[in-house]
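Pasting a structure below so you can have a look.
Should a chain be cited, it is by its letter among A, B, C and D, assigned in written order, with residues numbered from 1 in that chain.
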Amino acid sequence: MFIVDYIKTVYSTCKSLLSGMRLTGYYFFHHKEIITQQYPDVRLVMAERFRGEVVMTHDEKNEHRCTGCTACELACPNATIKIVTKQELQPDGKKKKALDTFVYHLELCTMCNLCIMACPTDAIKMAQTYEHSVFDRNQLTKKLNAPGSKLMEGVE
Amino acid sequence: MISIEHISQSLHEALSASLNSTLVLLIEMVIAGVLVIALFAVLGLVLVFMERKVSAYIQIRLGPNRVGYQGFAQTAADTLKLLIKEGLTPDGADKFLFNLAPLVVMVVAMLIMAPIAFTKGFQLWDINIGVLYVSAVSSISVIGILMAGWASNNKYSMLGAMRSGAQIVSYELSAGLSVITIVILVGSLSINDIIASQQNGWWIFKGHIPVMISFIIFVIAVTAETNRAPFDLAEAESELTAGFHTEYSGMRFAFFFLAEYVNIFVVCAIGATLFFGGWMPFHIGSWEAFNHVMDFIPGIVWFFGKIFSLIFLIMWFRWTFPRLRIDQLLNLEWKYLLPIAMFNLLLTTLMAITGFYFK
Amino acid sequence: MQYEEVATTEEGNLVINVGPQHPATHGVMHLVITLNGETILKVEPHLGYIHRSIEKMCESLSYRQFIYSTSRMDYLSAHINNHGCALAVEKGLQIEVPERAKVIRVLMDELTRVASHVLWWGAMAMDVGALTPFFHAFRERELINDIMEETCGARLTMNYMVPGGVMADLHPDFVRKVKDFVAFFRTKIDEYDTLITHNVIFQGRMKGVGVISAADAVSYGCTGPVLRACGVKCDIRKLSPYDGYEKLNFEEPLETAGDSYARYLQRMRELRESLSIIDQLIDNIPEGDFQAKTKAVLKLPKGEFYSRVETARGEFGVYIISEGGLTPYRIHFRSPGFNNLAALDHMARGQKIGDLVAIMGTLDLVIPDIDR
Amino acid sequence: MTKEELKNKISDIIPAATFDEAGEWLNVSIDAIDWFPLAWQLRANAELDFEFLFNITAVDWKTHITMVYHLRSVKYGHIIVVKAKCDRTKTEIESVSKIWKTADLNEREAYDLMGVKFLNHPDLRRLFLTDDWEGYPLRKDYVDEVNIVKL
């Protein structure tokens, strides 16, 4: 029957549309469902494994664990890390290779974690920072070993 | 009791006392013009803000909340930005029409404001064919949109304008038919008569089923006529980027934007007048005490309350439904709305003749 | 069937550039469409706006390093892409992956698939003009991203796969959070149906639009939900199971209509299927290592290794040709999006502009996956 | 169909084909000139019925270029890999976009990046790179001082 079908179509159409409107109406009146976080006021606590940038750990005596072995430099797919080494005079008179500068290009880094995995002495780790915007991209090239820092005793 | 009617009356008397009638008319026209423009500006700010907040809450987010209290000044800030933005005119554009189009759309939106009665005795132009005037003038806005689409010399704009033309022309029909049901019941085209006839109950309640059907048709038709989602094919963002106003920027874009919201306001005002008694308070037949309490709320509050409820309904549609396709849009009009509206008109006529409605 | 050439300059025909910047392409894709009024006569994709030649880049990266770059292809199923690469390397090195690692991989795959389909749902609804679902979809997607972030350390390009297992063990909260998520999502997926699936306007936009027959879909090389919506079984998880999919009890849902609505329903059913896979695994994560012992420097033997995985968009293939060196001699990725795109012209002909957008939405095109 | 049966079938079509069964799938090596007749038979023969060409790869072996076609039958589920050897200086092979429509875009990609000319292709143009790009980037001898940054 044409008329019955016609009315049925109109009825089911209205029903489907109204059920959709009921859902959106529910959200309009229930503000507790809102999930927005107001960013600068509310800051996220990032997960401990979150990969924000590579940093080098220093202890309170300003000593790091990097031997300058360049394992991370080799592991990096993007040439993000550049390690400059120097020859250091040991107390017993022998010369030994040591870290001079650990250059880290944050602008090239994809946070893939491969350098951290490659490091044999756990000298570097991922920090949980996430606000990396700067006005000049030169500022993204970082020197990770603190000035005047030394290799920790007993790290080979 | 101080009401807007008193204020306008006393202003008129004060002016007439000291000046001759031509000057009085001139000053009053200036005042009316300033009031309309001020209403426009305020409406633009309020409605845009309302749209943002409604969409935000439906979309489980907060919406603008930084500029001013709860973000209330956000639209003002945006308007300021649009004002100082450069208005580009494309090289291949028809410069004259391109610049004229936003003005046409804007002027039309302003013109429809004339016969609307905001409260008792506060009306710019008490014309005896008010309803006819509104439906006649509102069709002019399509010319502005077609102008914009054509003059932009952009294929997207052209498609958007063409869609808009087909859409507005066809939806005029069912909007007009649903308006006529009320006209038949009232027996007059004048806005004031229509409002007066709802003294003891609004038409949506008095006229039961036929008027409710025509109200639903009216809401759908005006949503389409104002190019609002789910009928926003003229600017269909994901298809035509921005449709007829793709090439507009700066203040000219703001005109289109503002005209859209003013149009919504106007059609909702018409809807409120026809179906919800305009500025008439909510009255129930012979409940004297209740009616008296309702009378204490000023008419302008009633009127704006009704308008904003309708506007909210239209916004609610927009943030719930997907967009129709152009052929479905025309199918809906010609296959569903128009036959129903015609049948409904017949029903209403019968009802009016037999007097089978609440009086 | 070969299409006749459409004269773009004929009187009355209109040529429109959709893209490179267009709201419906979700990225930088360029379609040149020829129209007659609103009807589409021809669609011609112009690609390469974000072509990075990942295949060439991989030729100079070691077998540990190249995996991360595949996250940048189909970024919505980054984890599954990485999985495919890890499988190819493991095939070459004959590494036996520990059971725990396999389960973790599959769990992450399915979470990625859910996240990807949820985003698709929102984006597709946005294409047909409903803006609200996009935000609702992100609510669920954020939860998955948070779970990913906690365990993998990143939200989108996880790089959690290493040859021989996964990079780190599961976070202690992982099981609880995933269970919470699945319970939460089960209620929300019904809302999706209320809001979009049962909506008459949406059904009108989708039904009978962009129809492709099973034979054509196979010929065009479509895979994944696009092909399954035509009723062809093509789920790699069933055809050649990897990493423990053979032990799982799950259906391969099939639609038969082959139109946009079938593709839509197909993905919605796959969402529910993924949830049931997660349900099966989440309580049965075996104890053990999460990574097999591998050498520090990986060298694949001379030969060719092809691995296939089912991403959210279809069949992803990794074809490694090794000459025995530290880096692949040649590597080729069979990306599902690229092949699904080929069918766009076929589907869109004779439809309206609005339909083109709907069809692109249901094809679920991810542009970096197409351009690579 | 097992590898052995496939091998016999294909030997009937192209007697010169050589086979490698070491891998997961049957590898068939042929000359570029034999590719189109073989492809036609692979698709048309009801017992073979390879309706799904799921991967097209061009490999530069420095001495020659090989086109690798991965084929699957949706009906029977068997898979073969066909390797067609092309000349490196005059890299030409018949297009199979008439048989499998997926070949259209994939062959354009191979042309764009590896410089394989597909004869009778309906629309052989650059796909990813600009029309005036010189050289074929995936070839082993391709040098680009500007766009390839040496690590």
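Everything below uses one rule, namely that contacts are C-beta pairs under 8 Å (C-beta built on N, C-alpha and C of every residue); 3 or more make two chains touch, one makes a residue touch a chain.
Since the structure is predicted, the reported quantities are computational estimates derived from the model, not experimental observations.
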Could you pull out the chain whose C-alpha mean position is farthest off from that of subunit C? B
Between chain pairs A-B and C-D, which one is joined by a greater number of C-beta pairs in contact? C-D
Averaging C-alpha coordinates per chain, one finds the centres of subunit A and subunit D separated by a number of Å equal to 41
Length of the line joining the C-alpha centres of subunit A and subunit B, rounded to whole Å: 51
Where subunit A and subunit C are represented by their mean Cα positions, the distance between them in whole Å: 25
Can you list every residue of subunit D that touches 2 or more other chains, as numbers and ranges? 151
Please output the residue numbers of subunit C that touch at least 2 other chains, ranges allowed. 132, 139, 195, 199, 201
Touching at least 2 other chains, the residues of subunit B are 58-61, 319-321
Quick one: in the complex, what on subunit C touches subunit A? 61, 64-66, 68-69, 132, 139, 142, 146, 149-154, 157, 159, 162, 167-168, 171, 191, 194-195, 198-201
Given the complex, residues on subunit A that touch subunit B span 10, 17, 20-21, 23-25, 27-29, 31, 33-36, 38
In their complex, what parts of subunit C are in touch with subunit B? 14, 16, 22-24, 38, 125-132, 134-136, 139, 195-196, 199, 201-202, 204-205, 352-357
Give every residue of subunit B touching subunit A within the complex, in rising order. 54, 57-62, 65, 316-317, 319-321, 336
In their shared complex, at which residues does subunit B touch subunit C? 55, 58-61, 155-156, 159, 163, 229-230, 232-233, 236-241, 319-328
